[in-house]
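Shared between the two complexes below is subunit A, which pairs with subunit B and subunit C, respectively.
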Partner chain A sequence: MGGLFTADVENRGLVLDPRTKLLVMITLVIFALGGTGSDILLVRCVTVAVSVLPIILLITAGQRKKALLFGLIYGGIKLLEIFVVSKATGAALTVIGLCCMVFVRLMPGLIMGAYMLSSTTVSEFIAAMHRMHVPQQITIPMSVMFRFFPTVLEEFSAINTAMKMRGISLGGKHSGKLIEYRLVPLMVCSVNIGSELSAAALTRGLGVKVRRTNICKIGFHLPDGAVLLLAAAPYVLWILGMIGVVK
Partner chain B sequence: MKGKDLINIGIFSAIYFVIVFIVAMLGFIPIFLPLLAVLVPILGGIPFMLFLTRVNKFGMIWIMSVIMGLLMLLTGMSWPPLAVSVVSGLLAELVYKSGNYKSSFKAVLTSGVFSLWIAANYLPLFFAADKYWSTRQNFGQDYIDTVTKLMPKWMCPVMFVAAFVCGIIGGLLGKFLLKKHFEKAGIA
Partner chain C sequence: MSIAARLKDISFSYPNNSEGALNGLSLEIRQGECVLLCGASGCGKTTVTRLLNGLIPHYYEGDLSGEVTVFGKDIRSTAIEELAGIVGSVFQNPRSQFFCVDTTAELAFGCENMGLAEDEIRSRVDKTVRDMKIEKLLDRSIFNLSGGEKQKIACAGVSAMLPELIVLDEPTSNLDLDAIDGLREIIAGWKAQGRTIVIAEHRLGWLEGLCDRVIYLEKGSLSCDFSGGEFFSLDTEMFSGMGLRAFAAKQNFLESETGISAIKPFENSGSITLDTFVYSYGRHKALDIKRLEIPAGSVTAVVGHNGAGKSTFTRCLCGLQKGFKGRVTVGGKACRPKDMMRLSYMVMQDVNRQLFAESVLEEVMLGADDGAENEAIELLERLGIPELKERHPMSLSGGQKQRVAIASALMAGKRLLVFDEPTSGLDLKSMECTAELLGSLGKDITVLIVTHDMELIDRCCTHILHIENGRI
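Take a look at the complex of A and B:
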């Protein structure tokens, strides 16, 4: 899990502005996951293009194997959705529908999220948020949170193993203590890691009143333009579709 | 508010959201969908009560609530949770503030008020049901029928009450565990 969430700056390939990535993420959530405007054919087509975008970004970051795997899954399930769902009924429909939900709608967003985390450093994120005039009170907790997820998951799986060994699991001897004996240790170590984190952040001047400067160079370049154009397309087509210009 | 407080918000939001996420995954099974408003506040109450022991300045609970709403927006639950979490977070903040950030009775009550945003996730299901399902046709008619039967319109206020009551249960559970484990260890 650590590799998924830690920024790997040397191998990230195409450098996009964090704000561009955020827009792609929001577009994916609105159109791919939320299914907005799915009654308009052109919006549906563009949504597929935006959904494939995270996979292309993965290729530029040099993760070809992963990209190929996700690409094949997405393509396969999407075809299944187009050709089979309209004919299936009953239990088969439920199963296929769940697959479509997970792989066609959820997966692009998840890949984009993972790509976003693995290609953006905390400094860049804070710099970008600062440019968007998001207050510090939101950006600092958010950046801590995103960097903290891998820690929580890592600790959780270690605690899980330890508790299983002691028979504190579903079907084990002490299954009644299932939740207490997982959450409590998790919170204790999270609190400890947290105080280390705040000490580290204080040495970087997070607590001071003066305006912090940032050496990260962020800004929109040519690749950003292309990606932004694609990400903006579904919104434009959706509005055009609502007015009735396109079908 | 200092850097340290903001970092604390981040850490506890992360723990809370992991719980939300794990429970939300159960929602694919129809019967578990209404249970989200029960399970999340009860389980989330445990870290939330520990979080409250670290709260001593105005705004910390509110910010955590807004962050939860933002995360719901980013994970595809649309805007109602954010709208509710902004208000309920402020209310929770005021409740805990009225106890000078110390009262443990008010802390339990805060946990209840804070949990209200979870019920807001269901709002589209009640008030825009057609639109909600038109984007989820893939689930199959069986799933839709089951959930529609489980969630008639009058369930909407019930959901909010359930979230509130379970938030209080979660708060009591959290308080009990704090006493049992954390005070001994000196971190509560």
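Take a look at the complex of A and C:
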């Protein structure tokens, strides 16, 4: 299962603290997506390095295929940006330049998001939120939501299977009603499962007034240090650039 | 002996639903007792379990009158979360009772909610794991467990909270006989620890010698109150009269040899032949069948332990699983997976997933030509549901939905019907109806039933196909 918050605990490779992942995410948003400090060459270079980080993290989490795919797409577009966009003119520049910019800026964040969700378990997530002093009223509904996504996906694929067996597909007789046919059973099943799931969670005391404890061990280790160091680099270089130490 | 739970003059009804209502039920459960609640579908046994764990009135709403006290606490004025440490619950559907994705976190989940100290939780989890001998299930992904293993984890998660009372609502509906034995041991362990246990269940055989007391409910009232010994010495006819499933299957078909064998006289008329049917997940060969002939028009039960490859087999046969190798020949003609998908239909355990239209008639007509309305109505008559044609499929009962799914498959010209556990959680009467229906589909239709239900097999199947480790 490579879905949301369904990390395969049996072979998960390198484990990072959820807070480390969150910091990398924030860095990517500020520098890769926001383009902060892009007038300083060193910041630009380090931003590329940080942008490649999610792909490496995917590899460490054992999701090699996904990493390879994302890596090729990102690498291709980055090269396109460097070599083609600088030479293009007129309409070509607008179209290719715009596409490249959107992809290059968005992709690292999206890949990081995919890595975060697929490599974190629900209990790690709750533990991390707890350490960051986020109130339970926010973390518990969120964790319920995350627990629910894989179930909805499972239902969705079962419904697709059923539709295939009935010969209802694009180009078939009922293609106009494809969405309706899919949504009605999906909603009925999701509501059923959702209500059973919350009943089960309630009987096991989720939502008790006392402060919840957590046996999940999270914490910063050597790999976290290395990743955080890299994630800190653009901030440092940016500040140095602002005060004129580097260019 | 002190009283664990007391229900006094309880009447309850769900909004918009007459099933499962209770009428003036009074019941006392003593501490340390192991009580079985039984009765036909809709008799109210699940409702009783929900009263005990507080889901009624705090989660499922309805009209409730009367008094329920659990260990001296009035259920109405006690929040459901407060009951969590006293009453533990195990439910029937493994898909919807897990909260975490790894087993260790799942075991600790209840204790974490109660805010116990970390060391206390660890020692409780360790002790539970030792008591239940589930060391090898620790630190596993929930998604990689079999049904029986999942149910064990559910029981262990409840057990770690050290509840005084444990209620189980049809815990065996998705389990094979071996897994049921495992569950029986767990319950025996709880009994030895002096916990009070209440089980609502259709399958009765596995509880013989375990239950001290059997409550038979009828239409929401207490009809008989047996001691365990009395109840299990009743004869089979008595059971049928009460609408209960016989408790000992006449034959355990899992003990038969692997491969296909006829259990009833059957006239062969062609067959579906499978050659070198192989499917692998990664390096693991999930299915490896050299040659197999399924007689056309037969009703064949597909049996095997949880995880033996039964569902992989049926998915491959229906052309749903991509990347399997092998040849299927139907009536002398080689069929590709695409052809098999056109010929076959799988009726899923959760039928909700395969009903799409706004009315039953529209549903049945989906895969047919527009002019075939009369034919569709005829078909509905044959299946005994002509009066439902205007209803919305989602508003029907489980058995009726199953019939609509069958009707839509027959209407689309399907020749091979595959059923996934069609009788899980059904009482005697509904099971008999399903058995009769499956047996009456006629010579043109080949039926495969994936099931653990030995009684169903005994009633309607002509052949047994036993798969173990993906082989026959």
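Methods note: the second predicted complex is superposed on the first by the 178 of 247 C-alpha atoms of A that agree within 3 Å, B and C clash if a C-alpha of one lies under 4 Å from a C-alpha of the other, contacts with A are read in each partner's own complex, and residues count from 1 in each chain.
As a convention for this text, contacts are C-beta pairs under 8 Å (C-beta built on N, C-alpha and C of every residue); 3 or more make two chains touch, one makes a residue touch a chain.
Just so you know, these numbers come straight off a predicted model, no measurement behind them.
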Touching partner for A:189 - first (subunit B), second (subunit C), both, neither: second
First, second, both or neither for A:201, with subunit B first and subunit C second: both
Subunit B versus subunit C as contact partner of A:148, first or second or both or neither: first
First, second, both or neither for A:166, with subunit B first and subunit C second: second
Which superposed partner A:212 touches (first subunit B, second subunit C, both, neither): second
Which superposed partner A:137 touches (first subunit B, second subunit C, both, neither): first
Touched partner set for A:122, first subunit B, second subunit C, both or neither: second
Touching partner for A:36 - first (subunit B), second (subunit C), both, neither: first
Contacts on subunit A seen with subunit B and repeated with subunit C across the two complexes: 180, 184, 188, 193, 197-198, 201-202, 206-207
Subunit A - residues contacting subunit B, complex: 25-26, 29, 33-36, 38-39, 81, 85, 90-91, 93-94, 96-98, 100-101, 109, 136-138, 140-145, 148-149, 152-153, 156, 179-180, 183-184, 186-188, 190-191, 193-194, 197-198, 201-202, 206-207
Parts of subunit A lying in touch with subunit C, wherever the complex brings them together: 1, 5-10, 121-123, 147, 151, 154-155, 158-159, 161-168, 174, 177, 180-182, 184-185, 188-189, 192-193, 196-216
Partner subunit A, residues of subunit C touching it in the complex: 53-55, 58-60, 80-85, 87-89, 91, 93, 95-102, 105, 108-118, 121-122, 125, 139-141, 143-144, 157-158, 161, 318, 320, 341-342, 344-346, 348, 350, 352-357, 366-367, 394, 408, 412
Contacting residues of subunit B [partner subunit A, same complex]: 1-4, 6-11, 13-15, 17-18, 28, 43, 46-47, 50, 59, 63-64, 66-67, 70, 73-76, 78, 134-143, 177, 181-182, 185, 187
